[in-house]
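One chain, chain A, appears in both complexes that follow, with chain B as partner in the first and chain C in the second.
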Partner chain A sequence: MYTVGIDIGSITAKAALLQDGRLISTNLIFTGYNSATAGKKVFSELLLAAGMNDTSGIKVVSTGYGRSSVDFADKAITEITCHAAGAYFLNEKIRFIIDIGGQDSKAILLDEKGKVKNFVMNDKCAAGTGRFLEVMARALEINLDDFGALSLDAQNPAQISSLCTVFAESEVISLISKGVARENIIAGIHESIGSRIVALAARTGLTTPLMVTGGVAKNVGLLGALEKALGFKPDVSKYAQLTGAIGAAVLANKL
Partner chain B sequence: MAEKDPAKEKRKIKSVKKMKDIMTNYYIDAKMAEQNGKKVAWITSGGPVEPLIAMDVIPIYPENHGAMIGASKMGIDLCQKAEVMGYSSDLCSYARSDISCATVNGGPIGGLPKPDMLVCCNNICGTVLKWYEVQARYFNVPLFILDTPFCHTQFLPEARKYVHRQIEEYIVFLENACKKKMDHDRMKEVGRLSVEGQRLWQAVLDTAMNKPAPLSAFDAFFHLALIVTLRGTKQAVDYYEGLLAEMRERIADNIGAVENEKYRLLWDNLPVWYRTKWLSDKFAAADTCLVADTYTSAWCGTLKYIDENNFIESMAEAYTRIYLNIGVDEMARDVVSMIDKYSADGLVMHSNRSCKPYSFGQLDIQRIVREKRGLPSLMIEADMVDERFFSESQIETRIDAFMEVVKERKSCTR
Partner chain C sequence: MQAIKELSAIVGDPISYARKLKEQSGKKIIGYMCTYAPEEIIQAAGAHPLRLFGSNKNIFLADGHLQAYCCSLVRGVLEDALSGDLNFLDGMIFPHTCDTVQRLSDIWRLNISYGFHLDVVLPVKLDTKSSRDYMVDVQNRFRNDLEKALQVTITDDDIKKSIALYNEIRGGLKKVYELKNKNPEVISGKDLSALVRAAMIMDRNDYLRILLNVIAELETKGSTIKSTGKRRLIISGGICSQPDIYSVIENAGGVVVGDDLCTGSRYFEGSIKTAGNPIAAIAERYWQRPVCPAKHLDKNARAENLIKIAQDGKAAGVIFMLLKFCDPHAFDYPYLKESLAAVSIPSLLLEVEDQPQAQGQLQTRIEAFLETLS
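This part shows the complex of A and B:
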């Protein structure tokens, strides 16, 4: 049986295809302004790449902020439950997830069956999210993909204390005007996100093994900052950004 | 016109109309007070209203008015007006909307009737002190402040004496303001009616122990108005007798507040006044009833300290030991006992930007509930009146995810 998970996030739309519980294909596109269109596109591209023409009998679960706009899905499930199912699928030992997405960061505690025991999401503000990093990358005129690697050269990470994205941006601009090296500013941004998210995780009963999921997990600099704040190295899957979509496909298997 | 859904009609609480009529008349009377030679006192929601009733003074609650402003979605406009006047956006939205409303006679009822005096009790928060001072200057009327020491772990004899002495001063203040002596027999009668009203209100809330609950916290937010504003009157007693009878009837007829109640939750903090319907529909769609809350039960939570035969003396303790004036450990004990009493499957906390004393300590209470009962809990960040602090899609995701956890957990324990 084929199942598909579609995760419509605030920045990217992801899809994963499972055949009898085995991951066979994934896809990722930018969400753009129309999440319904993004849902259709990420789905049709996924099937095309897998060489499937017939969509009948495929069970679909949607998740993420645009979950309700995927009108062809059999069910919508929140990203919290889907990330838990996805992380458990990728590694059954995982008991804790830190997910850093486009507009949300989440700390999720799992039980031994991979079910959500408890979760906390960031305050309703963009600090510590992918969007926060995008804003900072723009202020620094750096491609977001280079952000992580650049920060590894930091000798003396700057202190970014503001919790508000807009204020943090002005803080960054004033650091730039003071002539602070870019890599130190970027490392400072990563450290501020890392400590903020670890505080969130501590409130949720932080435990190990811990996996970092979400698109921001691709940023090596941020992973380093998280490791520093956690005091240990978190688990990261190569499917980090696709965890929610994979989890949705896993849950579609149980419909 | 669309056909009415008979099942939905059956679930509607009939007493609602009576309550609306009583509140309308109450505000009309208050607005006509000057013409009728009556005095009006503005009083804080946790303040001792009984002596006012005994002195025939009409009590007016700026906080009840604040709730009305929130429910009529007029909060942003009035809060912004206060900000233009120079008040910080971090100030309580009841205070902001009341302070600005007084200057423009705005809001859903064209402003509150002018006060002849102000009565401020700080058992609910410290903000009321400055708020009432501002209004005392604005209206140029006398202000009485009743200071109730915070009960970190206990209620000391010194505190009892201190508060009791102030209640005596309060009565003298009222006698001076009204230019007449207090009728102590009448005061005793008002005290008795207050206790009776509170008992009935508790009995109404207790009917939610039934499965399905005949009323939800959202209903309680509405029916609360009388026990706040007209506590100590026969009218409040009669109303709650009727409401209790209706709830018992609903239990007998197996009518629940939520059509297909499968999950039961406890609510903490003030309502999000401008979103009660949205929240109520959101939870009902997940077959969930918010069966009880820490907010509406605060108006009968200190019955255990009241001696109805010695009302004036015992009210010192009752007004000091209310939910917002006790330590977090005791609050957590209250929350856990409500979870048990109403068989709740989880806890929903409103982290209310306006109400600092209510919201401070919620993380600890959440942790204690998790440790003692292993129940999931959810934190919603919002504000009771100022809609600018409500973010729908983020709150929706949190509620959906929380309900997935509650359902999963209940299906495992079944």
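This part shows the complex of A and C:
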């Protein structure tokens, strides 16, 4: 049996295809303005790449903030439950997830069956999320893909006290005008996000093994800062950004 | 239900309602901030008690007076006062509860020229013999202050009549909650929320008539409605300023069967004894009633009350809905959450503003919470 999970995030739309519980294909596109269109597109491209023409009999679960706009899905499930299912699918030992997405971050505590025991989400604020890093990258004139790696060269990470995207940007601008090296500013940004997210996780019963999911897990500099704040190296899957979609496909298997 | 539609319109625009009521009845309108304001005495004085709930306007005037850590409820009320929207008020009552309401009282006294200004300095600890006596003195003093401010005499008979009216209203609301507990889909959460708030806004005699009709209708309707088996939840917090939350919960497969809110059960719990000194009887209800976190009873009192509400409601979980920056509620939250966890009742914390929220985030949290309960 084929199942598909579609995760419509605030920045990217992801899809994962499972055959009898085995991951066989994934796809990722930008969400853009219309999440309904993005849902259709990420789905049809996924099937096309897998060489499937017949969509009948495929169970689909949608997730992410745009989950209700995927009108062809059999069920919509929140990204919290889907990330838990996805992380558990990728590694059954995982008991805690830090998910950093485009618009929000979450800390999720799992039980031994991969079910959500507790979770906490950041408030309506882009601090410490992918969008925040995009704003910072723009202020520093760095390509987002190089942003994480550059901070690894930092000698003296700068102090960024505010995590409000708007205020932090003005802090960064004053650091720029003081002539602080880019890598130090970026490392400072990562450290402030890292400690903030670990504080969020601590409120939810932080435990190990811990997996970092979401698109921001691609940022090696932030992973380093998280490791520093956590005091241990978190687990990161190569499917970090696709974890929600994979979890949705896993849950579709149980419909 | 037609009656609820009318009430919802009033709850949606209480200021217009109160202005019209004043024009038509000639009654003095007295604003108040919370359920610790002795409404019964205001009603007995022939005036109309109007609870203020914050504003749906953009807040900018109030921000010139209040720090950023003040809750949106207080900021909203001050905004409406400073903009002149509340200039029909003949007086304003500030019961001593949280610090922010105290600051609002001071700012009001210094900046608002219309209407009289009265503080009701209630005791904070409600588990001592002296606080019981003091509570009676506070109510007596309030009666005298109000007589002077309104230039009326408030007789014991006036107060007794008012008490009877309030007992009927509170008993009626309790009845509606019982009907909802028995059959959660007999009335939507949004409608019930409007019904409770209207009790603090409308002319109390008019309100009671409508309430009794609503109860009769719900009793008939209750027997015909089949439960769809939604997950039963309790809401705990201060005011519920976002009735949309009930619809979000209902759409996600849950239903609110009870609450520990000051726009809910804390408003109507406890009836006032009709025998004896009426002022002492009013004081006694305040002394006995489930407390808000700005008051102190035995340190387990709030948790025991919340657990009882949850168990009576056969609730699968509790949603804490706290106004951002409400420190008394935030202070109690960790211990309430742990007390619930100790009896295996899961809970979810939502911090909200008085004004509408980013719906998507609220919805995701509530849906995810319901998913963890299944």
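In this text, the second predicted complex is superposed on the first by the 255 of 255 C-alpha atoms of A that agree within 3 Å, B and C clash if a C-alpha of one lies under 4 Å from a C-alpha of the other, contacts with A are read in each partner's own complex, and residues count from 1 in each chain.
The rule is simple: a contact is a pair of C-beta atoms (placed from the backbone, for glycine too) under 8 Å apart; a residue touches a chain by one contact, two chains touch by 3 or more.
Not measured: the values here are computed from a predicted model.
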Fit or clash - chain C, chain B, common chain A: clash
First (chain B), second (chain C), both or neither touched by A:119: both
Touched partner set for A:138, first chain B, second chain C, both or neither: neither
Which of chain B and chain C A:233 touches, first, second, both or neither: neither
Partner chain in contact with A:65 - chain B first, chain C second, else both or neither: both
Chain C-contacting residues of chain A that also contact chain B: 65, 77-81, 104, 115-121, 123-124
Touch list for chain C against partner chain A, complex: 349, 351, 357-358, 360-361, 364-365, 367-368, 371-372
Complex contact set, residues of chain A against chain C: 65, 77-81, 104, 115-121, 123-124
Of all residues in chain B, those that touch chain A in their complex: 363, 370, 376, 379, 381, 391, 393-395, 397-398, 400-401, 404-405, 408, 412
For the chain A and chain B complex, residues of the former touching the latter: 65, 77-81, 104, 115-121, 123-124, 203
